[in-house]
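Consider the two complexes below, in which subunit A is the common component and subunit B and subunit C are the respective partners.
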Partner chain A sequence: MSDKRIKIVEKIFDANDRLAQQNRQRFDDSNTFAINLMASPGAGKTTFILATINAMLDSNVRIGVIEGDTAPVTIDSDKIAAAGMPAIQVNTGGQCHMDALMVESALEQLSLEELDLVIVENVGNLICPASFDLGTHSKIVIASVPEGDDKPYKYPNIYRGLDVLIINKIDLLPYLDFDMDYFRQGVEMLNPGLETFALSSKTGEGLESWLTWLKNKLPQ
Partner chain B sequence: MSDKRIKIVEKIFDANDRLAQQNRQRFDDSNTFAINLMASPGAGKTTFILATINAMLDSNVRIGVIEGDTAPVTIDSDKIAAAGMPAIQVNTGGQCHMDALMVESALEQLSLEELDLVIVENVGNLICPASFDLGTHSKIVIASVPEGDDKPYKYPNIYRGLDVLIINKIDLLPYLDFDMDYFRQGVEMLNPGLETFALSSKTGEGLESWLTWLKNKLPQ
Partner chain C sequence: MHELSVTESILEIACRHAEQAQAARVTDVHLVIGRLSSIIDDSVQFYWDLISKETLCEDARLHFKRTPAILTCQDCHQEFELTTELIPCPNCGSARIRVLSGDEFNIESIEIERKS
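Here is the complex of A and B:
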């Protein structure tokens, strides 16, 4: 890579980090916990968010969702809106990740003061999103068991910077060759002691531990 | 994006296209059919390649595989080598896709004249690989049913430029809410009449039609 190109890339990262810091300040000022949710395409991000929303309906927790997609679709934001929560759809224009500027623009359309939790559903991708701080408090990855047990070994960067790991679709384990020990060993190597919840967003199995963790993070 | 940055990006694409053309010429000169295999992480690319290799063992077809990963691992190339075929591992250095230069470098290590088929297993990603011609003859995407039926709608670019679509892991259909009509409708909108094979690399169901298509492409 030429010196010129390296400098331009550095400038992009610097600008993103500054904006991310501003986003974090806005979340803090309004006492809103913010999550950057990352995963492969089809790991079950939206279904996981919906399961979380539905499980907390009785608790008066207000959840806003920012939906990032590479195409101009509203499939996911429509589902969130149907569940009764505010959802902002962001079109990344083909880019393989959300950035802090996209989150800043989405925040203009959310009444942050009324929200206890904001979840940014990142673009389905295990590589690009790892490099961009969005200004959230917690970075969470969903690994779904049909993807196989070797993903931490193949996509180490995204596991390194992680705060919480969700192992999703455990209802499919009986039908898969998924070696949980091998998977967890890979994760432990990259991110020792990482907070991990194994669950099925579909059946609700294992969801309770995740909800307990989340409730402890929300404004009391 | 600044004018300067646009020019640099254009230069990268131009250089890639020139190299891709050279790669294609090399494949043609040695009478080798070449495939660029793309998919989400965990859609089953390596298992699909292994199933194809094993099904063709008796036919004396020689298959070389170029394995692209973002990390310095040899998990996939070890599996191919264990199946008795030459495999070259390429580390993209964190990049979210293979490019024509990486394929050119890998070809230095393959005896192309001895091979009937080369499969490039791209990085697990539904976005970045769509923009880079590698110089192969055929672009193939594997969609696995646990990823869900809305992927064509969310990742349209990769479906648009495609020659063949593999719908993988159909052995899991009984355990999933996967609407095959909705999925196929999305594909048809983006790529009318696209050659499609629904199969399970694990059980072998549906593999025969794919193998028939492939054999017709190989040097007779």
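Here is the complex of A and C:
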């Protein structure tokens, strides 16, 4: 019945990608470095952000945090606010990921000009956030060792297109059968030469090299 | 839940092109989705039936073309298809592999009926 076929060839995520590009421009204009932090639930995203904030308190770096959650809870953003940094809570309304539009509306509530660094804590999920560019400069994944060493093989997409990998909770290594070589080989297949920091957000072990990397990215 | 926003994007793109072409309605939508994209066809179809109601795309059929995940080994240059979980190069065992295709996530075309 149809009498015409129209060729389109348009990326399904085009609208999001264009908005992400605008967000990136806003970050650039205010000289703010932006990070999209992704991980499964409980990998330690909030603890890692708090450890980073606390370690940088003396350096006058001003950090804003955008907290994405699937429900209207403020547990994570309250912790950030208690650490003395502006935190914006974004409720994704049940969605499994954040998108560029949510970040754009969060930016309305942040004084970007006054910030050197913005960290977006994405929804705890290893699959969906990988598909949505938010307009940040760096995409970072936290893998925590209790999750197991086979995650790169099971969730390959999240490890591709990444800029930094954090291996968190290394203080727990003695209690787990986590084969670091097997884990790293999987990551290497997906993202050769990926910048990786193994650390504990709890004890602070290994945090120093991560902070050095971060400070080099911040406006001088 | 990811599939809902994906389906909304598909609907937006299809309706926009249908309007530009002054279509009376859209009968078919052809999608090209790489094996590496974590999208479930059935749930896209489920949301599609819900949200396309009362749009130019109401009752349009969705067609999914799945493209294979092709990888290449950077050491021996062997190309191979990934059908299960991630594996090292089947030829030389190297872990230095790179994805060539399988990431596609596009609308390829729509079929429309013109206003008469």
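Operating definition for what follows: the second predicted complex is superposed on the first by the 208 of 220 C-alpha atoms of A that agree within 3 Å, B and C clash if a C-alpha of one lies under 4 Å from a C-alpha of the other, contacts with A are read in each partner's own complex, and residues count from 1 in each chain.
Following the convention adopted for this analysis, a contact is a pair of C-beta atoms (placed from the backbone, for glycine too) under 8 Å apart; a residue touches a chain by one contact, two chains touch by 3 or more.
None of the values given here were measured: they were computed from a predicted structure.
Within the superposed three-chain model, A:F13 lies in touch with subunit C and out of touch with subunit B [touch as defined at top].
By the document's definition of touching, of the two partners only subunit B reaches A:K169; subunit C does not. In the superposition on chain A, A:G42 makes contact with subunit B only, while subunit C stays out of contact range. In the overlay built on the shared chain, the residue A:R160 is in contact with subunit C alone; subunit B does not reach it. Of the two partner chains placed by superposition, A:T196 touches none, neither subunit B nor subunit C.
Looking at the shared chain after the overlay, A:Q185 reaches subunit C, while subunit B stays out of its contact range.
Shared-chain residue A:G94: touches subunit B and subunit C both.
After overlaying the two complexes on the shared chain, residue contacts for A:D69 are found with subunit B alone; subunit C is out of touch. Contacts of A:S138 after superposition on the shared chain: neither subunit B nor subunit C is touched.
Applying the stated touch rule to the two superposed structures, the overlap between the subunit B and subunit C interfaces on subunit A comprises residues 4-5, 8, 94-96, 127-128, 153-154, 156-157.
Residues 4-5, 8, 40-42, 44, 69-71, 73, 75, 94-96, 123-128, 144, 146-148, 150-151, 153-157, 169, 171-172, 175-176 of subunit B are the ones touching subunit A in the complex. Taken together, the subunit C residues at the contact with subunit A in this complex read 1-2, 4-6, 9-10, 12-14, 17-18, 21, 23, 27-28, 31, 36-38, 74, 85-86, 88, 95-99, 105-114.
Residue ranges of subunit A in contact with subunit C, taken from their complex: 1-16, 94-97, 99, 127-128, 131, 152-154, 156-157, 160, 185-186, 188-190, 192.
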